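Worksheet for the structure shown next.
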Amino acid sequence: MPEIALLQDAVDIVRPLLGQGKVANYIPALAEVNPNKLAIAVTSIDGTTIGAGDYLEPFSIQSISKVFSLTMALNLYQEDEIWSRVGKEPSGHSFNSLVQVELERGKPRNPFINAGALVIADLLQARLSAPKHRMLDKVREISGNSSLCYDKVVAHSEYQASARNAAIAYLMKSFGNFNGDVNTVLKSYFHYCSMRMNCADLSRSMFYLANRGKTLAGKQLITPVQTRQLNALLATSGLYDGAGEFAYRVGMPGKSGVGGGIIAVIPGDMSICVWSPELDNNGNSLAGTAMLEHVCQQLGRSIF
Amino acid sequence: MPEIALLQDAVDIVRPLLGQGKVANYIPALAEVNPNKLAIAVTSIDGTTIGAGDYLEPFSIQSISKVFSLTMALNLYQEDEIWSRVGKEPSGHSFNSLVQVELERGKPRNPFINAGALVIADLLQARLSAPKHRMLDKVREISGNSSLCYDKVVAHSEYQASARNAAIAYLMKSFGNFNGDVNTVLKSYFHYCSMRMNCADLSRSMFYLANRGKTLAGKQLITPVQTRQLNALLATSGLYDGAGEFAYRVGMPGKSGVGGGIIAVIPGDMSICVWSPELDNNGNSLAGTAMLEHVCQQLGRSIF
Amino acid sequence: MPEIALLQDAVDIVRPLLGQGKVANYIPALAEVNPNKLAIAVTSIDGTTIGAGDYLEPFSIQSISKVFSLTMALNLYQEDEIWSRVGKEPSGHSFNSLVQVELERGKPRNPFINAGALVIADLLQARLSAPKHRMLDKVREISGNSSLCYDKVVAHSEYQASARNAAIAYLMKSFGNFNGDVNTVLKSYFHYCSMRMNCADLSRSMFYLANRGKTLAGKQLITPVQTRQLNALLATSGLYDGAGEFAYRVGMPGKSGVGGGIIAVIPGDMSICVWSPELDNNGNSLAGTAMLEHVCQQLGRSIF
Amino acid sequence: MPEIALLQDAVDIVRPLLGQGKVANYIPALAEVNPNKLAIAVTSIDGTTIGAGDYLEPFSIQSISKVFSLTMALNLYQEDEIWSRVGKEPSGHSFNSLVQVELERGKPRNPFINAGALVIADLLQARLSAPKHRMLDKVREISGNSSLCYDKVVAHSEYQASARNAAIAYLMKSFGNFNGDVNTVLKSYFHYCSMRMNCADLSRSMFYLANRGKTLAGKQLITPVQTRQLNALLATSGLYDGAGEFAYRVGMPGKSGVGGGIIAVIPGDMSICVWSPELDNNGNSLAGTAMLEHVCQQLGRSIF
């Protein structure tokens, strides 16, 4: 069980890394974040959450939302309905590449690259009458924080800059692997990404990944087998084109977002969230990864 | 701790899958194997080995040898000397692709695709006076079986059919990432691949991966940190372009070979080897994967 | 100067090829065409037009319209304004590939693949208040046929099936190489493609390519140098991924459309149009190419 | 018919471009050439040769030799034997790319990229007992210069740096499209490339391309149809990935070499050779292209 002192150490030790990464700047709303933020929170298997640094300050969760989307899809669809439309393999390409989508005839490699997450968003849109509201309700529920909101400015701003994601969606549509209206689905997708949560919210939300599918409130969100499978996908594909390095250094299933957050879990043990806005070359939080590495080394814990 | 009955069940349950895969046939020596072989062996953390099916019958370990090669390289080189020349990321391409090697200017994605294993073989060749003998000695030592041998017919046959691997080696040489004589290194590489071992030999050999780097005989082969890192690489890149599916279904770090063998480990718990010559579309043993899946489900064990 | 008998021979000689190609079927309006049509028309440098087969029957000109679009762009823009946004090289990929557009950061290889033609359509949209009307006026003028029309059913049908072209346009937009509203430009683009013309109309329209830029009516549409350049682009990139084979067999600059039409010119000598709806593997009219080959051999004329 | 004054003008006018390109430096023997050389020679259809600048100074013909190789192959093989093994299409990739060779399963796009020229060299090796001697004899014969030689230092130096070409050859061998011993064929190939000729020699040698297949000495080297086809291939694929730009600016079939030479022809009219060692980004002589452009504009001649 980690102590607060260990989390504080993690924050202090990585502080010299500030300045070595780059804040995501493709939309103004993200570019304006204070680059010096450092935060970590851990929710242990007993349900207690501790944190250090700016762990109560909300940030844009961005692609971390892809974990929530896939989880909702697992609740709405049979396994085959999902995996016939999106693969389970690491991509070997950058997160927003079209090359692979074209070569593999419209089937994205996994649900955590943009193409795959758009297919999942398309699935949600098809089965839910108000997917944005349902997503918000769900995340409020599993985090236990009923005040969570979308950041409409970020969502709008991303939509305005969405040409590449539109290209990906239309390309999949041309192969028959995207059914909804592209603009409608993109709007939902960017809302999911724009949610603002702090590290404590996120480590609590992801508790079910460490707890065989049961949330902090004791609800069985997905089955134990689905939880194991979801963790496996996060381990191989959760960190974009840096999944191998992350497994090598940190050794936990995880998911990053360009807002600088990363969630990670040690099944049966704890869920963790770190935040630091500066990103490395693969688009993953630079100091965030280092905090996770430090904690994992100090605890002598990893899945390997 | 698995019982022999569980292993026998695994063998029996997957038998109906025989006939659904394809034996590797690019060289006659491999094509001639009896396709109906099924075998499994487990070495538990207490050091005992049990098996079922044809687990005492030797087969061609092929790419499983890449685990041994990388382990030897870790003994001979500093971390940086290795990872500056080969990456740690899943490839997203088939195991013998040149496309990625060209696009990424001669640096292979990971040490378990052919290109990466050739770089590792090049590293071994540069530091060892008789790499083939040293490899054989090492594997005899860690398996505890001093009668292990290369299959010279297989090694020669692979060398005769080595045009694509030669192309990969020359392409890396053109980028300055291959130093030795291509033919010499290829000969060593194919010898490593041609080693004949049975499932018991292999599960015993891989015991160090489950045992924080210590072999069955109690020798610290690599450090606990290196062991964790090696397992992480196996989890993300050990099954060619089927690593995600394997993690999803089996949930263990593993390495497959086109001879139909797969080794897998649950760190702190056990090392396993399965064998069945017919391969799936990704080149991994079809029934072998199913045996691992069965065992993992029955034991309720995985790393996730 | 070709005689009508030669043209009739061409039609007769290629008739046995009917049935060997495939009519474009991605939209119903094209799929319904009679596959057995064969037509050829030649406009000689003296201004006379002769024809054989179904040369007075109109068909969907499809990508042949890309010659008209580029010509209009040359009238509206400085050279640099065009060639900074689209290249002049053969693509080496199929006509609707996104791979190259992504790898070359949004700049299409040439104005005759879909991506390039969409950039040209974007240029026209930016400078013309009613591009569809202006295009129609222009083609009516240079063909001398004031009754030419768009086929609204075809245009609408293509727009409904335009996901891949939308993907290409959005991808270019993501790289800053597409300025207009994607749907608006697509609608114009599909109108241009939907024009119905017969072989006589088309050979007359393309007369300026054989006549140093002057139309049949004696108007200098583009300069002699521009004409030479346009012919050069047609020779290297006008036949999709079959430009080399076409040059080898036919030896004229040309442009094909999936409606089965092909226009070709021998500068200083004649413009030709052939039509036969069945396409070869590269999407070029199979019997149409053979008619051109026959005429070129019989006349002993080519640009080489 | 061009006058000497025109050629002298061409040399003078392009002199300011010196310094804007880069001499090929991958082997010392090429890097040491004086970068300020400028030369042009023209052989008119009447058989007279005139020149300006350093047109009597020999240089390394490099890839221009690919025209001679293909011509010899046309003498030794049926059409199908050649074109079943190498394509006729522009590549859309750089001259020494492996990507396309892998994607297209070992069949090079055309005989003028390295992969294609290696297949042609493999064909020559299979049918000729002493291909290097036969090539030298042939080029001496058609140039009328019996003192031409290979530059053994260049040939050896290229062979020492041949890893990428070896990779290409082995890759084709892995697909069954390369029969000879790789090293033996590479040695022949580099000898062909190492031939030293001056602009006068080269324009005389290429006279058959302008003269319906007949050499200066009146020998029918290839048929008129083959000549037309060869010119067509040169027009679409002779300038690496700059064929479109070359056609646009110069408007002649041509072939370049990294030694800075370019040959070009106007069928029925003249063959030309220019030389200037500095290359543009596509590997074609920068000032050489400009000289051809000037001559073509001044004469008002091109194939378009």
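Labels for the chains are A, B, C and D, by order of writing; each one numbers its residues from 1.
The working rule: contacts are C-beta pairs under 8 Å (C-beta built on N, C-alpha and C of every residue); 3 or more make two chains touch, one makes a residue touch a chain.
All figures in this text were calculated on a predicted structure; none of them were measured in a lab.
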Report the connected components of the chain contact network with subunit B omitted.
one piece
Please report how many Å separate the Cα centroid of subunit C from that of subunit D, as a whole number.
32
Intercentroid distance (Cα basis), subunit C paired with subunit A, Å:
47
Here the gap between subunit A and subunit D, centre to centre from mean Cα coordinates and rounded to Å, is 55
Could you pull out the residues of subunit D that touch at least 2 other chains?
none
Chains grouped in pairs wherever the two touch, ordered by label
A-B, A-C, B-D, C-D
Residue numbers of subunit D touching subunit C in their complex, please.
87-93, 100, 109-110, 227-229, 231-233, 235-237, 241-245, 247-248, 251, 253, 267, 302-304
Listed in rising order, subunit B residues that touch subunit D in their complex are 97-99, 102-103, 163-164, 166-171, 173-174, 178, 182
